[in-house]
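Next come two complexes, and both contain subunit A; in the first it sits with subunit B, in the second with subunit C.
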Partner chain A sequence: MRNSFVARNPSVLIFLAILALFTLAITVLSEGVGLGLVSTSFVKTLGKTLCLALIAVAMDLVWGYAGILSLGHFAFFGLGGYMIGMWLMYERTRQIVVDSLANAPIPPTPQEISDAIGSQIFGVVGGSDFPVIWSFAHSLTIQLILVVAVPGLLALVFGWLAFRSRVTGVYLSILTQAMTLALSLYLFQNDSGLRGNNGLSGLQNLPHLDDVPQSIVSIWFFWASALALALGYLLAAWVVSGKFGSVIRGIRDNEARVRFLGYSVEAYKLALFTLTAMIAGIAGALYYPQAGIINPAEIAPIASIYLAAWVAIGGRGRLYGAVIGAGFVSLVSSWFTGGQAPDVHLGFYTIRWVDWWTILLGLSFVAVTLFAPKGIGGLVDLWTDRRAPDRHGADLGPDMGSLREREAER
Partner chain B sequence: MSALLEVSGVSVSFDGFKAINNLSFEIGAAEMRAIIGPNGAGKTTFMDIVTGKTKPDTGRVLWGEFGRSLLAMSEAQIAREGIGRKFQKPTVFEDQSVQENLLMALKKDRGPFAVLFWRPSSADLDRVAALAREIGLADHLGRKSGKLSHGQKQWLEIGMLLAQEPRLLLVDEPAVGMTPAEREHTTAILVEAAKTRAVVVVEHDMEFIRRLDCRVTVLHEGSVLAEGSLERVTANQQVIDVYLGR
Partner chain C sequence: MRGIMLKRFFLVLLAAISLAAAARAQDGIGPMQAILQEQAEVIVKSSRTSIGPAIDAVAASGLPQAQGVLEAWQAKDMWQRQADGLFFRATQDGDRYLLTDFDTGAPVGEAGKADLRQIKPNSGVRALLGTALVRFQLLDPDPARRADALTSLERDANADLLAPLRAAIDPEPDAGLKARKQRLERLLTISYDPDQAARIAAIDAMSGDLGVDVRAVLNPLVATTLRVFPGTPPEGLNIAKRLRPGSADLPREAAYDMLVQADLAPPRVSPAALRDALAAHIRNGAVGGVPVAQLSDPDRRTVAYTALAAAGLVPPYLTEDQIDAALEAHVFAMLYAEPSSAVTDAANAALTNISMKVGLNQALDLGLDALSLGSIYFLAAIGLAITFGVMGVINMAHGEFIMMGAYTGYVVQQVIPNHTVSIIVAIPLAFAVTFAAGVAMERLVIRWLYNRPLETLLATFGISIALQQLAKNIFGTQARPLTSPDWLGGAWVLNDVVSISYIRIAIFVLALIFLALFLFIMKRTRLGLETRAVTQNPGMAAAMGINPGRVNMLTFGLGSGIAGIAGVAIGLFAKVTSELGSDYIVQSFMTVVVGGVGNIWGTLLGALMIGSLQKGIEFLNPSNTLAAQTYMIIFIIIFIQFRPRGIIALRGRAAGD
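This part shows the complex of A and B:
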């Protein structure tokens, strides 16, 4: 039983192949570099969906495998977006300011440039000085590090406090939700330094790349998102494949027993919580440049609850289930809420899907939990079960309650 | 012989009810000990205290050659010190295979990062296979442990306990749900283990304890009522009154 990683996890290879084919197909059909059958806005939607699939993989690690129902992972996602958004907005504004001041009779001093950038960015919240948290906004490298460092650090501190006190189950969910809500409310304030409810905008315009049309930029981000998803999926599959995976699944099923085996349950939870927060940060940093705007409403608790619904509908405890759930539900959701779904006229009442979609989603969440706990991903089992049993060297005959080898091995 | 575990003057109460009352207990480094007593005598609470699940109100729990206190340690630290526990109800990880269960229990570095990069060597897999043979599960390594029978789960848990290579085994009612042949096998495993380490067995089945052939401690209302060979304690009038006579 010492096969290679791929042989033990055939689903990883299949997933990567499907993702590669999908990326290639969209590239060929795209407006930017291909036949022009897929519009730029739809390429962006798909790219964003890949980012959502990545955070769903992180959620599956922390919930599906370790049993920690975190309702705060969108906070980490949003923080990742804010970190990259700060650089995008600063650099883009600086470029515009420098260009417009270039024709002035007296060359501007650095202080003048800085003030002009400040009033451009913070004028909307009635300020012009850079808050302390923007200290590194001029440096892409530092902001990229912060994309993983800030969510990671928040998760580390929060998780240390929560897990150390042995808060588990629904109480932990409530605590994570409170964290998200607090962060969101804080960012809504104008003096939070991140432009209050205006958020950061214009993120789709990459600095110094004015000549590159959005149709090309969208494909770049689509590729980057696909690559990030592939790497994130590989990492997650590797993490759960070995003994670490055994331990975290053990924690999910019987935390006390894992403790009596000598494993420090808190350290494992903390490591996993922090790792998934960092993955969520990366997903957010790729998502928001495609969305173009980030504001505190994005990290409201409801977003994290949606995330849990995606993973549940897609199938907990299997990574591809999370990807299927995020992809399927978020695309269907944008179809329903985008006004494309036809209204249903009942004579006395008209069902408008924009309003009724959340109810439909809620009902399907309940239905999946009650009737199909394996989710959409469980459908794969129907197919794998139908393969002919491998009886090599098996002595599981009519004895043993007539279990066939495959039935027994599962 | 110096004691491996020394519990002295320990008391614990839950909402005013004294579950353990001034209990003292000692066991050597390679010794088998059976604990008997009526329901509510504090047998499980005693194990909870030693393994760190319950903190006593008063008393000392000292461990090893240097007499280190276990009271300041977490459950995981105590387990890493070499105290393994088997629960009354067999608790194995039902969603995972027998092999995964045993690999998890193998005595290795328990830190998250060491575990993340750890992959079983062929020596480890051989050790797991040998353990599986010992507990009669060699043909079931790839099966999910949830599919095992009750007796097999009991054995898997004993196997996990042995894989931990503990210096002290605390075994709670190992023979429940086993056939007579399985009981005999369990006795053999425990007697073998007690040659190199300390083993504490809590059991109600007198026949099982007779076969273990060891010193017996009788608990009653949270403290030690009698201690000695099985013949001596079963002849004790107090023991007959509170436990055997019923």
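This part shows the complex of A and C:
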């Protein structure tokens, strides 16, 4: 008789408990509903960090478990943000337009309202007509479906093309990076229909909720982000714990062998790639209303590479590692780049962290890959006293890109 | 009494005038002075409308002095002596003026300012003088002055210059200038000759010419204006074509607006005007019997407005049928400004002919552009072809090595101001700097990560962002110039369409040199042999006495060093910034992957393909280089579907798997 899911994965329970405690603590301390010890902007930062942790979990699934180093997941994240941003911006502009036209002596026609919204939104790029992709912007339901459908569809098409031509390893990484670059360059154009490099803005203002202060809204989004992370984590843990998980780990370690065993490697990879793209889209849809603005620079390939770095620093191949990595690096990063870190005076030179943090981060990528392939999550192994067997240099037999012998030795 | 006084006065005056005339005759004034005296009244009046005969008299005199007179006149150096009305060239000397006779060129004394009157032609008169001068300048003994006159004529021609230009062709001794004169004569004939047959002949003669000036002359001939006529257009108009309202060339709204502008139809009531009119006539919560609350429906608005119009309160509402009827009743036509249809036909035929030739030449130009862009990509990718293609190491910091090379060039230029010398110094120095950086990186990082490509990607990416930020901290975020030497400054101009700058030719040559260098090192040197051995089977290579660590280090250093040199070359035409490398990194990887990993010819083909693809897409959509890059990347993704291993795929054992 098999043990229950939770019994086989005690880390899931621990993680969920810690997340619940954290959410409760921040709620109690928050400005909006609690004691006011934590500022609204910091609640937003934490909420955004939870979203980043969610996409890191998706990245860990696809990289740590399936060995596909995708440099395109931030594109899916951004697409999710754009999809929800379209509704937020449309609905809020509509509300403003309707309010201002209500005072007119003659009630406006639907065409007049639509024109006014169009010139409000697209005035910055010199247009006033609604592009085709905004056809559903009036409907929250459809846009919410698109949050998962658009990234999912893109991942499906791209993944199908890439996997069926057996592009693997670094080639796949470069290809996904090219896809991300193409998407961001496309969105940078003014006639892409998504306001070019202006992006979508004012997303923090929820339509029809003008009376609710941002301190409350931030807590709502914080809860939503925490819930999404909890559900996403559960889903990811469930996916990797079953037979499906075993197959994708097999693909990571030796793709050819799994194929010879009769599994349709491409289908497994495609399913996982698409699933993680959808998770990334949801994370983005929760992230950008908290950030308030989305523009194509967010999608640039470098963001996806940072994502890979978070997962590496946190520890790949374990879900909580991804969460730790995303949370740790993004919070430390915002601490350093926010100018809060004290300058270091060396007498002849003053190190300002705003300038030097990126260098420190870059070097820490190198250090982690060289000296701590298990990342921060590897510290848990010390505590649980889990050790890798000493194989005296014998080959573990994994494929390129997976955890290699040297890592297992430690 | 009074009459006698007047008569005596006149007698005295007459005597004085005849005395003065006698005095002139006695002085024996020169022929030019005589002409000037004849025209004295007009010259002094100096009015644009009446000056013509005077200028013509001087210019047509056939005297050698004529040019000098006209030039002095134009330069406001011609003065009239008050005492006897004679004209001189005067030059100021202190507060006195030295007078020179126009005929003899000899000084004839001096005079104070009070005794002289300056002839001050206004700008209109000066222009006429300039025109008259052209015929002299075109025949000037000095070829340089003839060339100058032609240049000014090409820039600013008018109908009056045609005759002098024609007269100046036959005496021209210089073949080059003669050709220019003939060409200009034809262009002026096209524009200004009253004889239609001559114009058409000239148009036909120029119909194969690629010059921008030919098109500049022909285009106004075929320029059209859109006109609207009630009923059939009158005879004798040169109509290019009739337009139907509602077609792509003439949208329905634009057509109706034209009718309104020409007062041929009543203005339409725009939706905004309709709304304002309704708002102005709200009575007891209703307009024209329609409650205000219903007016959010466009149909109800029309009903309300029609009711108001029926009551005579607002201008009538035009239905779509009425608009259509008005459009039906009128003819819209494009009219040539040029009245002769034979001329416009000839001009159109010539323009078609020219545009075909221009198209061919543009294709050639595009090909050259694509070639040069391809060689830039090749240059950026060739270092990668060594480190990634041969060694299999994925180095995301490769772009930063390019950037380091460019910054090395910049620093060298700060120290050595001579651009030629500084470039010659910068190239080996950039190689040395990036070679050292590459070797250091291989020893410290990459050596530990062989066979772990994804980790290599991550670690080298870390180095990449660190190097980029370091460059930002040192050199700032603004772009630094890397100036090319003057002899690389110009462009090789084939004709008005095809040209290529020398710097691009230099980069093309550099790319060829690197290709040769790569082939030489890989196929003809010991290092190349050892590199290939280590890449194929490190264990076996080590057993044969090759030190794999040393070979890897040197090969990686070589690839990085070439990136540095590429950086100097790229920095010459792009601004040097810390992002220079990252602009090229994705394209470089694409080049290597598309070409086929591990094969330099594949890299070359890949670079050419990506270069020509990008230029081709840019040509189809010139306003948008961002879209060009997007479509190019999509194309590459699709291309990889069909040739996953690149254009030239390695087979067998060399493929490595």
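Criterion: the second predicted complex is superposed on the first by the 384 of 410 C-alpha atoms of A that agree within 3 Å, B and C clash if a C-alpha of one lies under 4 Å from a C-alpha of the other, contacts with A are read in each partner's own complex, and residues count from 1 in each chain.
Just so it is clear, contacts are C-beta pairs under 8 Å (C-beta built on N, C-alpha and C of every residue); 3 or more make two chains touch, one makes a residue touch a chain.
A quick note: this is a predicted structure, and the numbers were derived from the prediction, not measured.
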| item | value |
| --- | --- |
| Superposition on subunit A - do subunit B and subunit C clash or fit | fit |
| Subunit B versus subunit C as contact partner of A:Ile14, first or second or both or neither | neither |
| Subunit B versus subunit C as contact partner of A:Leu261, first or second or both or neither | first |
| Partner chain(s) touched by A:Phe244 [first = subunit B, second = subunit C, both, neither] | first |
| First, second, both or neither for A:Val28, with subunit B first and subunit C second | neither |
| Partner chain(s) touched by A:Asp253 [first = subunit B, second = subunit C, both, neither] | first |
| Which superposed partner A:Ala271 touches (first subunit B, second subunit C, both, neither) | first |
| First (subunit B), second (subunit C), both or neither touched by A:Val6 | neither |
| Most subunit A residues touched (candidates subunit B, subunit C) | C |
| Three-chain overlay, closest Cα atoms of subunit B and subunit C, distance in Å | 5 |
| Of all residues in subunit B, those that touch subunit A in their complex | 51, 53, 74-77, 79-80, 84-85, 87, 91, 93-96, 99-100, 103-105, 110-113, 115-116, 118-120, 122, 125, 139, 141-144, 147, 160, 164 |
| Residues of subunit A defined as touching subunit B within the complex | 1-2, 239, 242-244, 246-247, 249-250, 253-254, 256-257, 259-265, 267-268, 271, 395, 408-410 |
| Touching residues (chain side subunit A, partner subunit C) in the complex | 63, 67, 69, 104-112, 158, 161-162, 164-167, 169-171, 173-175, 177-179, 181-183, 185-186, 188-189, 191, 301-302, 305, 308-309, 312, 355-356, 358-359, 361-366, 369-370, 373, 400-401, 404 |
| Subunit C - residues contacting subunit A, complex | 271, 275, 278-279, 282, 287, 292-293, 295-298, 301, 394, 396, 445, 448-449, 451-455, 457-459, 461-470, 472-473, 582, 586, 589-590, 593, 624, 626-627, 629-630, 633-634, 636-638, 640-642, 644 |
